[in-house]
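I've put the structures underneath this note.
First chain A sits with chain B, and in the next complex the same chain sits with chain C.
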Partner chain A sequence: MPIIQRFLTRFFIRFGLITFTLLALGPVIWAVVTSLLPLSSLTSHPIDLNPANVTVENYFLVFASSRGLVSGLINSLIIATFTSAVGLVIGSMAAYALARLNMPNSSRILMMILATQMFPGIVIVIPLFLVMSRTGLVDTHFGLIIVYLSFILPIVIWILKGFFESVPMELERAAAVDGASPFQTFRYIVLPISLPPLFATGVFAFIEAWNEFFFAIILTRIHVKTASIAIAEFSGQYQTLYGQMLASAVLASIPVVALAIIFRRFILEGFVEGAIKA
Partner chain B sequence: MQTTNEYNRKRYRLGLWFVAPAVFVLLIVLAYPIFASLVLSFLRVRFAGQGLSFEFNGLNNYADLFRKDLFREALFRSVYYTVIEVVSVILLALLVALMLNHPLGRSAFYRVVLLVPWALAPVANAVLWKWIYNANYGILNQALRGLGAIEENIIWLGKPWLALNMILVADIWKAVPFIALLILAGLQNIPSYLYKAARLDGANAWQQFVHITLPGIKTTFVISIVLQSIWALKVFDLIYVLTKGSPADSTVLLNYLSWRETFSNLDIGYGAAIANVLFALMLMLALVYIRALRPRQTQAQGG
Partner chain C sequence: MNSNRLVNRISRRDFLKLAGAGAASVALANFLASCAPKSDGGTLNVLVPAAPDPAPPGVGQFSLDAFEQWKKNNGFEVTYEAPPWPQLHDKMAANFASGQYVHDIIYMSGWVPEFADYLIDFADELPADIIADLPPSSFSTLTWGGKRLGVIFTLSLLTMFYNKEMLDGIGVKEAPKTWDELKGVAKELTGGGKYGWVLNYGAPEGIGGVASYWMCFLQQAGGKLYDDKGQPSFNNAAGVDSLQCMVDLMEFTDPGSLSYVGINDATNVFAAGQAAMMMNWPFMWKPANDPATSKVVGKVNAAVLPAGPAGTASIDGTDAYTITSLSPNPEGARKLIEFYLDAEVQKRQVLDTGWLPIRLSVLNDPEVQAAAPNAAVVLEQAKNPYDSYVTPDYNAVTTAIGVEIQKALAGTQSAADSIKNASDQVIEIVKKRG
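For the complex of A and B:
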């Protein structure tokens, strides 16, 4: 009996894992495959999957056309890079202060910071839009970066605070005994050993900023349209150019999916566990 | 050598300087707008020439909420959407997490599989499903026709309830991986000696699941439910790309309605009122999250 039961359990789990993999990857693979086929193949009945028709024509057309994907990718790169860089600098300082510099009520401050993650963007974006239109910040990189800090900073502070707390106190005491000021301790002792988590947090912030859509659609007009905006507009205006629509979606996803896979260890250990541990 | 007191004072002063920039930015981009949004919801905002004119409007924007059918419908649909999404995502994610926690599912490959839908840009996800659901050429209709399940193509995004449910499917597909990772992390935090002890006592797999696994991931469960509810209430990108609220406003949910009233209909005060309702709903959920994250002793005190 136990042997049969064991066999059945293993069989169902194998079956479940295969189903799960197919369901998770199937739609993505389908998008990639169809982005490599010409429109004539996509619109024949049934769909013509003949490998002989595979072409990068859609990608070429997306790049060549003036529909904003290229400038969108550049804008997304600029905005995501600056958001994560500024977020890291300001956020690591605040995280260190909350973790180690005896801030009063630091746990309460931290909870408030975490709660800010849960505000609907629409609440903050209406007043921000009014202020930014008056100050000429709508449709600028600077304006969008500042607004993105509203959701990037809390994540950065949350993750890094957890890491700074794990830095051995003895290390900092030793530095203090040697006459290092608190700032020197942070700059020359804590920061250098924190480079891997700093970098990984930056990657996480980059992914979040790159993928953002809601603020971007409200706070950009012409000049700083992000890749997500370009794709959404493309899929609205040229919705019959399926191949190109998918090619642009694939292009905009490659950087973030690649980063997530490369830094999976950090995302799994650092961020995911951070969310369930106080 | 410096005295301990002096050193601690220095640390405190540095701490103030270190939190100052973050506090400054968060005051500008979070605290001020949240306050201003509350004020706006009591005003009537009009476009006057180049600028805007503000006029006190009392509780009229909120009273409008109850007068307008669309708000009630959007609220009802948002609740429906959130409940279905949370229940489906949690159950599917639990199933996936249990499989990935089994020795057969430990391979790093499955973790990578989980990260792909999660990392995908939400707009790219929406475009992907728009193509799958396409009435003429989409793979969904082709597959169902191939299997003989349907005779004629179904216009997935063309019928009121069907469209909303298809948006839900696309959203659930993208949301399951992250919650599965959360639950998986929770499962791995359960000490293995508990299972060993249970097996020694003769507990079968089901008993172990009910008496060790489920209690062990209770906190993770609460957090997952709260986070997923918040994300479901915020849904926007999928609606924007897939239906723009059509057919007949049947896929207009709260966040989308607030955006449309504010930025398309330019009824800024009313839009802010809807936003504040959404905000109140999420704030309650956020409080649950914070409670769940509290260190154990406060939970013990609370019972």
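For the complex of A and C:
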């Protein structure tokens, strides 16, 4: 009986995991397959999946076309890197202050930070465009970084605050006994032991900024089009270049996937520690 | 007395703080004002869709040398912004709502009434030879409040596309002349995974949505969307008959039509040889005859849409250029539009991109008619009604109607109920129009 029970338990766990993996990977696999087929195969009814038609032509075409995928990737890289870096620097200091420095009205400040996340983008986009336009920040990297920081910072602060609160107070008291100021304690004691959550949060912020589309489409024009806009431009009113669109999407997902692979240990540790300690 | 007490309570430090805050506010306001974008008068900013959608020289690959020459002769730089099509409307809405100058020229597709307050009337200033060479009816969808707020640059009416080979296969030598004939032909051609008819009914709203297609059926049935007072007038026999005609055709329609959102989805079915007939825009002639995307090359023919009790009818794609009221250089913008309408540029437009010209002289050019055999058909279609009924709330109106039509096409509601429900909703929308 226990053997059967163990077998069934394992079977259902594996079945569940395989099903989840297939569901998660299905769209990704389909995107890769689509990117390797010519438009004539994709527009056939039913879709012609003959392996003989497989081609990398779409990948060459997206680089050759004038739709600006390369400049879009560069713009996205600049914007996402700066957003996550600045977000981590400011957000970690703010989170530490809110977690440890007994600031007056800290709970109100936290609620106000959270409240900024409750406005749908469509509500603020026109006032935002107006301000950005008057300050000459439309279609600039700086402008988009500021906007992205406005919604990434609250997330960073809330995630890191939870982690900093879980750092043993004894460590900080020991630093204080040795004469460390609050900033020195933060810089030399708290930050070094917080690398996993910092990396996890940084990667999360990078992905958010990398994938963002709505504000990018309104607040950019020509020079700072991001990768997500370049990908969307393959969809027209009268013709959608599915193969090239998906080839662009595959290329645009490479930096994010690479980031996740490189920092996977930190990401896993960060979220696990956050989950246990917070 | 109280005010004196208040003044006495303000310390020198408080006073300095207030003065500092005031000075900072003034400085910030000045900074914001100085940062506001200014046009140097030498650059024209143009918002258009990206090719292969209807795009001007410099975005579309045609008349590029002439375009460079025009810029040199007129001393202008032209900056194009070509966002993805699905975001084009939202982008211009955000720009207009901000009240800031962003563009001089904007492409419009049925949105002129919606943005009429932000556009200028410049049609009267166009050269007389250009005006005389345009179909007078081309201004109808661009006229709002008695002003002609744009100019159409491509004749884009729905006509019928059909697969000659499939029709020949059942002994039909020419396109059906009436919708009843078409249903008979579609019935014979449906079977074995192939269908007599295909169209994109998946999106309710906008030009190219299911509500706009129904407007063709409505007009051929003798109906109108609005009466002379601007009130909805389609909850009648013509309204119900027109929708019933679409419903009756569903039996012989590719069932995917209910989910196809864009015309390209439906065209793909037609171009794969899986459907025999559809209504389509003139531009699609070229992709339907392109071996890279089509399996029916050389088998496609065009015809005017079948007739109903009131004859044949279509709708207008209303692809137009407009000039914004915030443009610091409307004269330069008008000159650029005149260049887009130049006969030679219009000719290259159709020969190189497939987008028909709007100028009658170019449409009748033998070289153009040879390269775009459907041009003559579109001209013939243009002799019949093709009202798109665009209004400032066109999106809301077509969404309300389109959703009800989709229910009828899916068989979940009768045509009569759909028309009644749609009419009730449009009456409410019109009340808000004021």
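Operating definition for what follows: the second predicted complex is superposed on the first by the 218 of 278 C-alpha atoms of A that agree within 3 Å, B and C clash if a C-alpha of one lies under 4 Å from a C-alpha of the other, contacts with A are read in each partner's own complex, and residues count from 1 in each chain.
Rule of thumb we're sticking to: a contact is a pair of C-beta atoms (placed from the backbone, for glycine too) under 8 Å apart; a residue touches a chain by one contact, two chains touch by 3 or more.
On a predicted model such as this, the values are computed, not experimentally measured, just so you know.
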| item | value |
| --- | --- |
| Partner chain in contact with A:I157 - chain B first, chain C second, else both or neither | first |
| First (chain B), second (chain C), both or neither touched by A:S40 | second |
| Chain touching more of chain A, residue-wise (chain B, chain C) | B |
| Which superposed partner A:S235 touches (first chain B, second chain C, both, neither) | both |
| Touching partner for A:I218 - first (chain B), second (chain C), both, neither | both |
| Partner chain(s) touched by A:G16 [first = chain B, second = chain C, both, neither] | first |
| Which of chain B and chain C A:F60 touches, first, second, both or neither | neither |
| Contacts of A:F142 with chain B and chain C, given as first, second, both or neither | neither |
| Contacts of A:F199 with chain B and chain C, given as first, second, both or neither | neither |
| Partner chain(s) touched by A:I126 [first = chain B, second = chain C, both, neither] | both |
| Shared contact residues on chain A - chain B and chain C | 43, 125-126, 129-130, 134, 217-218, 232, 235-236, 239 |
| Residues on chain C engaged by chain A in the complex (per definition of touch) | 31-33, 35-37, 49-50, 52-53, 79-87, 90-91, 94-95, 97-100, 102, 109, 208, 262-264, 268-269, 271-272, 274, 281, 283-284, 287, 292-293, 295 |
| Chain B-touching residues of chain A, taken from the complex the two chains share | 9-10, 13-14, 16-17, 20-21, 23-25, 27-28, 30-31, 34, 42-43, 46-47, 90-91, 93-94, 96-98, 100-103, 109, 111, 113-116, 118-130, 134, 146-147, 149-150, 153-154, 157, 176, 179, 181-183, 186, 207, 210-211, 213-214, 217-218, 227-228, 231-232, 235-236, 239, 242, 245-246, 248-250, 252-253, 256-257, 259-261, 264, 267-268, 272-273, 275-278 |
| Parts of chain B lying in touch with chain A, wherever the complex brings them together | 1-2, 7-8, 10-12, 14-16, 18-19, 21-23, 25-26, 28-30, 32-34, 36-37, 40, 51-52, 95-96, 99, 102, 104-105, 108, 110-124, 126-132, 134, 136-137, 139, 142, 146, 173, 177-178, 181-182, 184-186, 205, 219-220, 223, 227, 230, 233-234, 236-237, 240-241, 244, 255, 258-259, 262-263, 268, 271-272, 274-276, 278-279, 282-283, 285-287, 289-290, 293-295 |
| Residues of chain A defined as touching chain C within the complex | 38-40, 43-45, 67, 125-126, 129-131, 133-136, 138, 217-218, 221-222, 229, 232-233, 235-240 |
